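Shared chain: chain A. Partners: chain B in the first complex, chain C in the second.
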Partner chain A sequence: MATFIGTWIAAGLTLMILSFLYKDNPFFRFAEHLYVGIANAFVVWLVWATIVLPDFIGRVFINIAPDPDVTWSPDFWFLVPGILGLIMLTRMIPAIEWMSRWALAFVVGWGAGFMIGPVLNSYLLAQVYASFPWVNMQPYIGAPPGEYVPALVNAIILFICVVTVLIYFFFSYEHKGVIGGGAKIGIWVLMVAFGASFGSTVMARVSLFVGRARFLVQDAEPSGHAFSILLTLGILIVIIAAIVGRRQPPTKESESAE
Partner chain B sequence: MLRSWERYLLYGLIAFAVFLPLIFPFDVWENLPTREVLGVYNTIENLQPGDTIVVAVDFDPSSEPELYPMLLAVLRHAFSKDLYVIAINLFGPAGTGLGVMALNDVGGDMGKVDGEDYVMLGFKPNLPAVISQLNSDIKEMYRSDANGKSTADMPILERTPKFQGNIKYLVDLAAGETVRPWIAYGSAPGGYPMGAGCTAVSFADYFSFYQSGQINGLMGGLKAAAEYEELIERKGAASAGMNSQSIVHALLVIFIIVGNIAFFRAVMAKRAEARERA
Partner chain C sequence: MVGERLRKHFYAAVFFAAYALTSPVFAAQPDVAVASPADREPPPITPPVLLEFEPPAEIEARDLPNDDGTSIVITWRCSPSAPEDVRYTVHFSEGASAPYEPLPFDFRSIGLDENFISDRLQYFPYSRSLRNYQFIIIDLTAFDAAAEGAYKQELKSYNKLLDEGKAAGPEPVMHEYDWDELYFKLGVTTDGAVRLFDPVLHAKPVTQWFDWSKFNNMAMAAIFLVVILFFIETARRRDFYIRRIAGLDAVDEAIGRATEMGRPIFYLCGLDPMTTVSTIAATNLLGHVARHVANYESQIKVPCFDPIVMSVCQETVREAYYEEGRPDAYNSDNIFFITNDQFSYVAAVNGMMVRERPAANFFFGFYYAESLLLGEVGQSTGAIQIAGTDSNVQIPFFITTCDYVLIGEELYAASAYISREPKLLGSIKASDMAKAVIIIALLLGFLFSIALLVGVLYDPVNPLGALGEKMEYFMQLFNEHI
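== the complex of A and B ==
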């Protein structure tokens, strides 16, 4: 029963959010504020229950281990990150705000030392190495021409794209002559990349709508009448939103949305 | 500039295209697997029963429509091969529940036992530090799993006390930027192969890691999830969604063509008007 009610509340809220497609209205606002409030409260509780409690309080002050047979003793080393975390909050008190810099200094220092090596290796050197055609062609040595030739064309295109985009972002010389030509090709490469990203983004956004639509049609009600009921509810919400929306003067947000 | 009825017409057509295959299910076309998806599938397929893989559930409910079907498909495949699965979430606290739900649903269906055949470790902040620690000791980082059960005597973690040298594959299903740190601090120093699944938005960004060989497979968005479902011969939410997706894509192409025709007609009409005035 609880699942049934929960599912229908979710279905109703989905329709309220979708009513924004008509125009900004109180149903949409209600669902939006409810979502933000619940999401924040949920995350705060999760952080407390899964991080602060087991990894700070449970390690230093009290035994909260689920297994009572496991011996427990306080580990006072965990006080160090705990105190650093607490003094981060001093940013809210102007008189002692300076203390938060200690915690920040620790985070920045640790971050730089810990990350420089792996980041350089994985994000830069490995990527540069994989840009060279002779590296990319290694797996295709001895392959039949039907595989070798397309792979070679790909490898050369990839190399040209990398070099021309780098030239485009090279501002120490004026973009004229060979540099200018390379930069122009670089712009085209960037445009193609942005186009691919935009196409993927459209696909992702449609996927999200498909996910909600599937929930409304297939998950909302097991007996098979869900869609007709939801359609009626949706139409009702839009009609009421239209009536309420016409009574209220348009807000700046709704104007900009339209 | 669109008039309001034109806007509602476009919304209506998109809604019609999305709802139609969901209400009256039919296959638009087969989702043939791409080489990138096959990379993940073949790696799991070639593992031996008893091997352990890690599935990073690095997404939250906002990416659920794309990545949850992918998670279900990967778990079904892994459990059908009798692999042990260690799941983890380093993206945000809200993703842990999705991982628990998927493992319980699929694991329950396939007769697997929580704590023996699979475990969901849950969320910890500071991704690079956690990954580095997991490479050397899982239990020190996670004293209890996502359900609050002690990890001290958990059979799956007795077999796999650390990632390095013990796990055969890592699949990161990522809604954000977690693939990069998993490569830099997990896969590269730990020496285990890695594949990734991501939202369609991130696919182009992560493709360079596939091309460089740092990950051996890449699944992008709902389409890749549908391809994986096709490979394991169990169609689910992704295959159903791809029917809607395909029709919407065709519709969008028509919108773009019609929009461009309207635009150029308006431009030519303006020019003709200007010529008449001249």
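== the complex of A and C ==
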């Protein structure tokens, strides 16, 4: 029974969120605020239970999980991140608000510095290496021409795409002449890549929608689907009719004139 | 009389000896006393597939380079035998002459076509002659972990027996492995049967202070650092050209429009934390946008996904208002945290967009699946939308829903384009130089690749000889680790 009620609450909230397709309405607002509130409460609990309690309080002050086989002793190194976290709260006290900048400086400085190595490695070196046709052709050496030739063409196209896209991202040279030509090919390559990415992601989204629709149609009423199918179809028809019948959004020109 | 007694004792002794020799109890005793678990483990008959396996050559053990001194590596030249279902394994002993046992921790045996040296260049130098060598890394800390695990288990059983009031025997003691006394043998295994090869392997792990496998990273970072500093210094003396970035020209227009319409501007910094480059770029750009907003006396709202990003945004906007001489107009409540959950954040921002109908939306930073939801709702409210992200997968969604999009690195260049600060201009110029170097390296690699691909038609094993090896080495310089 509890599962049944829970499923119907989930189905109802899904429909409330979907009602945003029509326009902002009290049902959507209710679902929105409930969603944000629950998410925030969950995150607060998550941070407390998985970070603050075990990694700060549990390491410095008290043994929160006593184990007779393990001797607990405080690890005062964990005071450093704890104090940095606490001084973030000084933002609420105007007189010592400036202290919070230390923690911010640490986070931003550490982040920027720490990322130099991984970014250089994964975004630059590894990409350059993977663009060499010799590297790409390794699995095909000795393969029959039917496999070898398409792979070679693919490796050469990949190489050209990489170079021309790099040329597009030259900022301190005017896109004229050879650089202009390369940049033009580069932006076409980018658009083709974005188009392919768009198509595959839309397919993934449709699959998500199908999953949710199946949830509404099947899970919401495990025994006999007639009522939930009718309800869902009815709501979907109302939503679609509302979208079709809705006024077109005001154009930017007309808004500017307001 | 004495002879009679001696004869009886003699018969008794012969009878006892005959019984003792034939009795299974007595016969089994010596075996039980001497046998060790390792002797019992392998089946009595080694399968023919293992007996016929030609042993690999040049089996060696040595310290694993570029590590913290906790591992050793065993290398060998591949065996010409290649039967199916046979894998390499390693056994160990505590002392050169002690019996060899399976490793005391989970160890995945190595297939005949796995773990080639040429695939793990962070530990081995690149050379064509090492192409047929395989390796196994033994992490010696795993011995200690296994000993600790076994000790905890024994201690638990011991304590349980004590609690139940039963005889628990002596208190268990944790076994300590002496890393200097660990010896290994490489072997092959199939269906639980094992055949070990000579020689006995032994190596002492040594701690290295420097990981030479990342030297190419450091060299490249150092070179770029020098180039960046040079161009920053140059930018202080003369102005650099920066090509037009269409989306940024529209920023002023969008802010002006918001001012005219008396509606707010929404500025989003993405969903990534403050440690990512795109978020840093987004907050950098926020400063410039906020300066214009302060100038035009418009209103900017920054709904944040991350509390740290929120704090940075508050500082940035406040500084911008102070710089423009409008500290009174700054309202920290306009830069606020919503939630750390992706879709509830989207629901909240979309709701605000519909209710407050901002005149302009800026989506800068790193985005995930929410990009289309944000862009579409913003578009339906009629706002001018400018996006900038280095998330390749989300750029298409912004292109379809926004008026202007900064693609990838344009987001990083945007700050320099707007502010014309020497520091940022110098960085842009230096990154262009880096791209030019990369293009030259790519072209060289392309030429080498074509030469090697032609060479391989004539000599599949060693194309273009020593020159070809140098060409391969050049390309390996860009490998993740070398």
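Keep this in mind: the second predicted complex is superposed on the first by the 208 of 258 C-alpha atoms of A that agree within 3 Å, B and C clash if a C-alpha of one lies under 4 Å from a C-alpha of the other, contacts with A are read in each partner's own complex, and residues count from 1 in each chain.
As a working rule, a contact is a pair of C-beta atoms (placed from the backbone, for glycine too) under 8 Å apart; a residue touches a chain by one contact, two chains touch by 3 or more.
Here the structure is a predicted model, which means the values were calculated and not measured.
Q: Determine, under the contact definition given at the top, whether A:158 touches first (chain B), second (chain C), both, or neither.
A: Only chain B; A:158 stays clear of chain C.
Q: What is the contact status of A:50 with respect to chain B (first) and chain C (second): first, second, both, or neither?
A: Once the two structures are laid over each other on A, A:50 reaches chain B alone.
Q: Touching A:214, do we find chain B (first), chain C (second), both, or neither?
A: first
Q: In the overlaid three-chain picture, which partner chain does A:114 touch, first (chain B) or second (chain C), both, or neither?
A: both
Q: With the two complexes superposed on chain A, say which partner A:89 touches: chain B (first), chain C (second), both, or neither.
A: Touch status of A:89: no partner.
Q: Just to be sure I read the superposition right, which of the two partners does A:9 touch: chain B = first, chain C = second, or both, or neither?
A: The answer is neither, since A:9 touches no partner chain.
Q: Return first, second, both or neither, reflecting whether A:141 touches chain B, chain C, both chains, or no partner chain.
A: A:141: touches chain C, not chain B.
Q: So, A:62: does it touch chain B (first), chain C (second), both, or neither?
A: neither
Q: A:236 in the overlay: touching chain B, chain C, both, or neither? Say first, second, both or neither.
A: neither
Q: For the three-chain arrangement built by superposition, which of chain B and chain C touches the greater number of chain A residues?
A: The partner making contact with more of chain A's residues is C.
Q: Name the residues of chain A shared by its contacts with chain B and its contacts with chain C.
A: Residues common to the chain A contacts of chain C and of chain B are 39, 42-43, 114-115, 119, 121-122, 126, 129, 193, 197, 201, 258, listed in rising order.
Q: Across the complex, what residues on chain A touch chain B?
A: 21-22, 39, 42-43, 46-47, 50-51, 54-55, 58, 65-67, 70, 114-115, 118-119, 121-123, 126-127, 129-130, 136, 158, 193, 196-197, 200-204, 206-214, 217-218, 227, 258
Q: Mind listing the chain B positions that touch chain A in their complex?
A: For this pair, the touching residues of chain B are 4, 8, 11, 14-15, 18-19, 22-23, 64-66, 92-94, 96, 122-125, 128-129, 132, 143-144, 146, 148-150, 152-153, 180, 183-185, 188-189, 199-205, 208, 211-214, 220-223, 237, 240-241, 244-245, 248-249, 252.
Q: Okay, in this complex, where on chain C does chain A touch?
A: 152, 155-156, 159, 214, 216-217, 220-221, 240-243, 245, 257, 260-261, 273-277, 280, 307-308, 311-312, 314-315, 338-341, 343-345, 347-348, 350-351, 354-355, 359, 369, 372, 380-382, 384, 392-393, 395-397, 399-400, 407-410, 413, 416-417, 428-429, 431-432, 435-436, 438-439, 441-443, 445-446, 448-450, 452-453, 456, 460, 471-472, 475-476, 478-480
Q: Across the complex, what residues on chain A touch chain C?
A: Against chain C, chain A makes touches at 17, 20, 23-24, 28-29, 31-32, 35-36, 38-40, 42-43, 68-69, 88, 91, 100-101, 104, 107-108, 110-112, 114-117, 119-122, 124-126, 128-129, 131-135, 137, 141-142, 152, 155, 159, 162-163, 166-167, 169-175, 190, 193-195, 197-198, 201, 205, 249-252, 255-256, 258.
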